[in-house]
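Right, I'll just put the structure down here and ask away after.
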Amino acid sequence: MALLEVKDLQVRVEDREILHGLSLTVNPGEVHAIMGPNGSGKSTLSHVIAGKPGYEVTGGQILFRGEDLLEMAPDERAAKGVFLAFQYPVEIPGVATMNFLRTALNAQRKARGESEYSTPDFLKKVREVSKSLNIPQDMLKRGVNVGFSGGEKKRNEILQMALFEPSLCILDEMDSGLDIDALRIAADGVNALRSPERAMVVITHYQRLLNYIVPDFVHVMAKGSVVKTGGKELALELEGSGYAQFEHAA
Amino acid sequence: MVAVQETVDRVRRIDVDQYRYGFETLIESEKAPKGLSEDIVRFISEKKSEPAWMLEWRLEAYRRWLTMTEPTWARVNYPKIDYQDLYYYAAPKPKKTLSSIDEIDPEILKTYEKLGIPLREVAILEGVEPPPGGEPSEQRRIAVDAVFDSVSVATTFQKELKKAGVIFMPISEAIREHPELVRKYLGSVVPTSDNFFATLNSAVFSDGSFVYVPPGVRCPMELSTYFRINERNTGQFERTLIIADKGSYVSYLEGCTAPQRDENQLHAAVVELVALDDAEIKYSTVQNWYPGNSEGKGGIYNFVTKRGECRGANSKISWTQVETGSAITWKYPSCILRGDHSRGEFYSIAISNGYQQVDSGTKMIHLGKNTSSRIISKGIAAGKSQNTYRGLVTAHRKATGARNYTACDSLLIGDKCGAHTVPYVEAKNSSATFEHEATTSKISEDVLFYCVQRGLSQEEAVGLVVNGFVKDVLQQLPMEFAVEAQKLISISLEGSVG
Amino acid sequence: MNLVLSKTDSGRAVSNVFVKANGRLPGAGSVADIRARAFEAYKRAGLPHRRIEEWKYTDLRVLMHHVLPLAPQPDAAALARARAAVAQAAVEKRAVEGAAKLVLVDGVFSPNLSDIAELGQSVNVRTLREVLDDPANEGRGDLLLTTTTDAVISLNAAMVTDGVVITVTDGTELCRPIQIVHVATTSSASSFTRSHLRLGKGVQAAVVESFVAVEGARNHQANDAVIVSVGEAANLDHLHVMVGGADATNISSGFFVLEASAKLKLFSMNCGGAVSRYQAFITLAGEGSELSANGINLVRDKQHGDTTLIVDHVVPHCTSRANFRAAVDDRGHSVFQGRIIVRPDAQKTDGRMMTRALLLSDEAEADNKPELDICADDVTCGHGAASGALDEALLFYLRARGLSEKEAQALLIQAFLGEAIEEIADRTLREFAILQAERWLGARG
């Protein structure tokens, strides 16, 4: 069974239709890149999959392991294994990162009927993962994302991805605001999480990120739908020719 | 928008009916007849076997009270209280004279157990989780004075405190056993004529706690009083007096609960603190009186006068309060900074939900030289509640070098509640430096979605954000209380918070 | 309590003032009824005192004692003195340059001293007296009504002798400011004035109200009200200036209603008078309207200057900003009270208010009371208040660079006030405000 099936998805924000009949199938173990110009609806797609309020689905379906994702609350989706790495992770003052990680992890485990992590196990796990992502311990004591640099925020997202072990990771513009070194650390973190059970959807404007996270499939979005699908070479092709051809075509 | 709407709906549905301390204890009690008169004042004084001077003090207050009118300036609305329709004295009926805690009515002991307050002298902290980043819990002990309706039923750890020279006992006993201290300090911070409710209290107070810490002594444990209103139609008027003599330190905690009842009950307490040279008093309150039901019926009127005086040089008084209960709260724990270089602090979390009304804040009155004060207030309004911060900071002509920093933040959950900020900032000399800032906002939808995407329910997400919002104040509480307060905050916003 | 207090001597005295003045007050019939009711309302309350929350810091029973008799109708000599004073003000740059003046002498409009003709066709000016006396005008009584229960405004409605009623037609862009000048020529007397300003859609205007006293006019009390409606997408720069009369008392109230997308830049400037209170009530009644309210309050000797600002957000998507500065010298007393109200429907309100007081002497006093009164959840509101002395480190830095103590102080005070003054959009008005502030600084002993 496919992990994620998006079928003919139509989405409105206020009075404007953003996605007009988008389809996408993602199987376990696959890495899909979604590329496209600004305003093509890439981020909308990621938000709708995660269940962000403010979007109206006017047609189509999203199935996750055959279950209707649109019927689930955002936290149910998270517990089922849908993880969105935000383009702009928010700051939550006063809530220590460590506390947040544990609360979220245990909430998900509880929702799945699993036992909560014991404190030593949890601490051990966080320490391991944060070390591999080059996240200093004192960062975990600070408020969630408060005063973090762009790179630190993105690494914090990947830290959560590693801890929560989702089956579907959606990375929304993970490269925005990162310099080349920060990008490499983040991409290494993501690559370490690739596995036959886990699928990834990498949303990006630039081909650059795909040098580090090499996709199995590349989809080009323009004006609210997928206009072309191909292998990783499609990304290189786009680097040369740009998005203009698709914008006219769409 | 959807997510937030959902939260709002949940908050709307919140039943303050989920109050967990709403049970009633069925015990026999002894009450004075309803209503207030000189005879009732005499009755109370006689019950307590008070000396003549104490009765005179009360009668003077009573006569003064007759000439006063109820204050109306606070932003609270309630039907007129019929002061003749209240009981001013209720006490659990003793079966015989008690010689040890084992002889207390087991129903009362059970009540305090249900409330999580051990009256038996055991270490109470096993299994309490330290807050993130907190020190691992050592086995700390707390001495408890339990006040049931109007009388103190038990005070623990008396012996050990005595060894350190600390006096911690019901004020009714202190009046008999330490009249010189009580006479010297009672009413010296909150005069009998201070305000309508304080004057009423002065006339009819039946019990409360008394603390005296001798010079140079650091009180070996936290002192704590738990107040419980049980009887119907009973006003509770406790009186607390804490004196920290030169160079001493004491940390005092206070908790309050009451059963669920349809009618309103009046609680008009007075707390007086005196800190002499180099002394420090830390006073923490977790107030969780019954707030009334989801329709706004019932609940406690919490009309309390709390004031501390930094009488000596370099003294310090710090108030921390977590206010989640009561139908109406009218309360301004204040500091009179009389000693040079003295310091006052006020840290407050006030949460209102349902139909609760809160008008609370502080007064920092700078009189001495180089005095400083700090006010951190966090107000959270949900449901149909009204939440007001009212605070005064004033520096008199001679209070040169006075400094104050105030930050008041309010959070609104839902569009049927109100948050109000009313600061009075008065500088009467040029060397006073005052800074005040306030904000009002709601929980950002982006933050909520972020948390929910990570698997937290709406309620958990709101709880998490609210706890982050109030963190600065929670940190001021002794650790045991901080854990309790954190839970209480979640319960108060229950329906939206896990 | 109020009932008891209204029976005091000052209560009786003011009753006499009203009875004596009655023959001189315009408007018969229904207008007279409104006045009588307003006077009754005033009599019940009496002069505001410290137990009235809105007047907590400005106790008029202490500061004013009582209301003085109405100033007599100005005679030729009074008008001549007023003319000289207006001319002198222009010479001394105490008047806004190039403004079209509308002059009220002792509470009576003076056409000869005014520049009505220069205002052009699109601006209609009538006197309040004229309108109130016009029986054909059925709505004339409304000119005396406001939504507040404030006793000083009731007194104004009861006692008002004159004012101007200005209407500006839709789309007009006024090329010069309108200045309403109040001149006091008599001693130990009071005047009561009320003006209306109605700006049509898309109007661009700058309006100044100022108060001066002629040489030798002592102990004058002025009670003025201005009621302004700013039409849809209109733009008003409004300046209120109290400069004259070291022993004068000035109580001014401004009511502003902003329609959709209207913009109001309000500036209040107090640098004179023994007792002055400027209270502005601003209602953001149309979506997308914007308020920028700023001001400076300069007090010295034993002066008492109070600025009270009530910003009422009634509809969604409005913005308000307020920035007030006070410099307090000698035994002066400055008061700032500000309140941002957000009504239940006014979602997406963005409101900020800041007040700062600079205490220049040991005996100076500054009281600040900035309030938030929020009943909608999706808003961003905040306020701040600060008071303190001049920064010693900055003073020292300037001294080390060769400035005298006085120069260094003046420079810092100027910079401090400048942050509020620079909010005035109209260049002429801004320069006028700078000049007045410099003059106040120059006179520092």
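The letters A, B and C name the chains in turn, as written, and every chain counts its residues from 1.
The rule is simple: contacts are C-beta pairs under 8 Å (C-beta built on N, C-alpha and C of every residue); 3 or more make two chains touch, one makes a residue touch a chain.
Values in this document were obtained by computation on a predicted structure and should not be read as measured data.
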Pair of chains joined by more contacts [C-beta pairs], A-B or B-C: B-C
Chain nearest the overall Cα centroid: B
Rounded Å distance between chain A and chain C, as computed from the means of their C-alpha atoms: 58
Computed distance of Cα centres, chain C from chain B, in Å: 44
For chain A paired with chain B, centre-to-centre distance based on mean C-alpha positions, whole Å: 47
Chain B, residues touching no fewer than two other chains: none
Residue ranges of chain B touching chain C (in the complex, touch as defined): 73, 397, 400, 410, 412-442
Residue numbers on chain B that touch chain A, as the complex places them: 1-4, 132-133, 444-447, 449-458, 460, 464-465, 467-472
Residues of chain A that touch chain B when the two form their complex: 50-54, 73-75, 77-79, 83-84, 86, 89-96, 98-100, 103-105, 107-108, 111, 141, 143, 160, 164
Chain B-touching residues of chain C, taken from the complex the two chains share: 53, 56, 344, 347, 357, 359-389
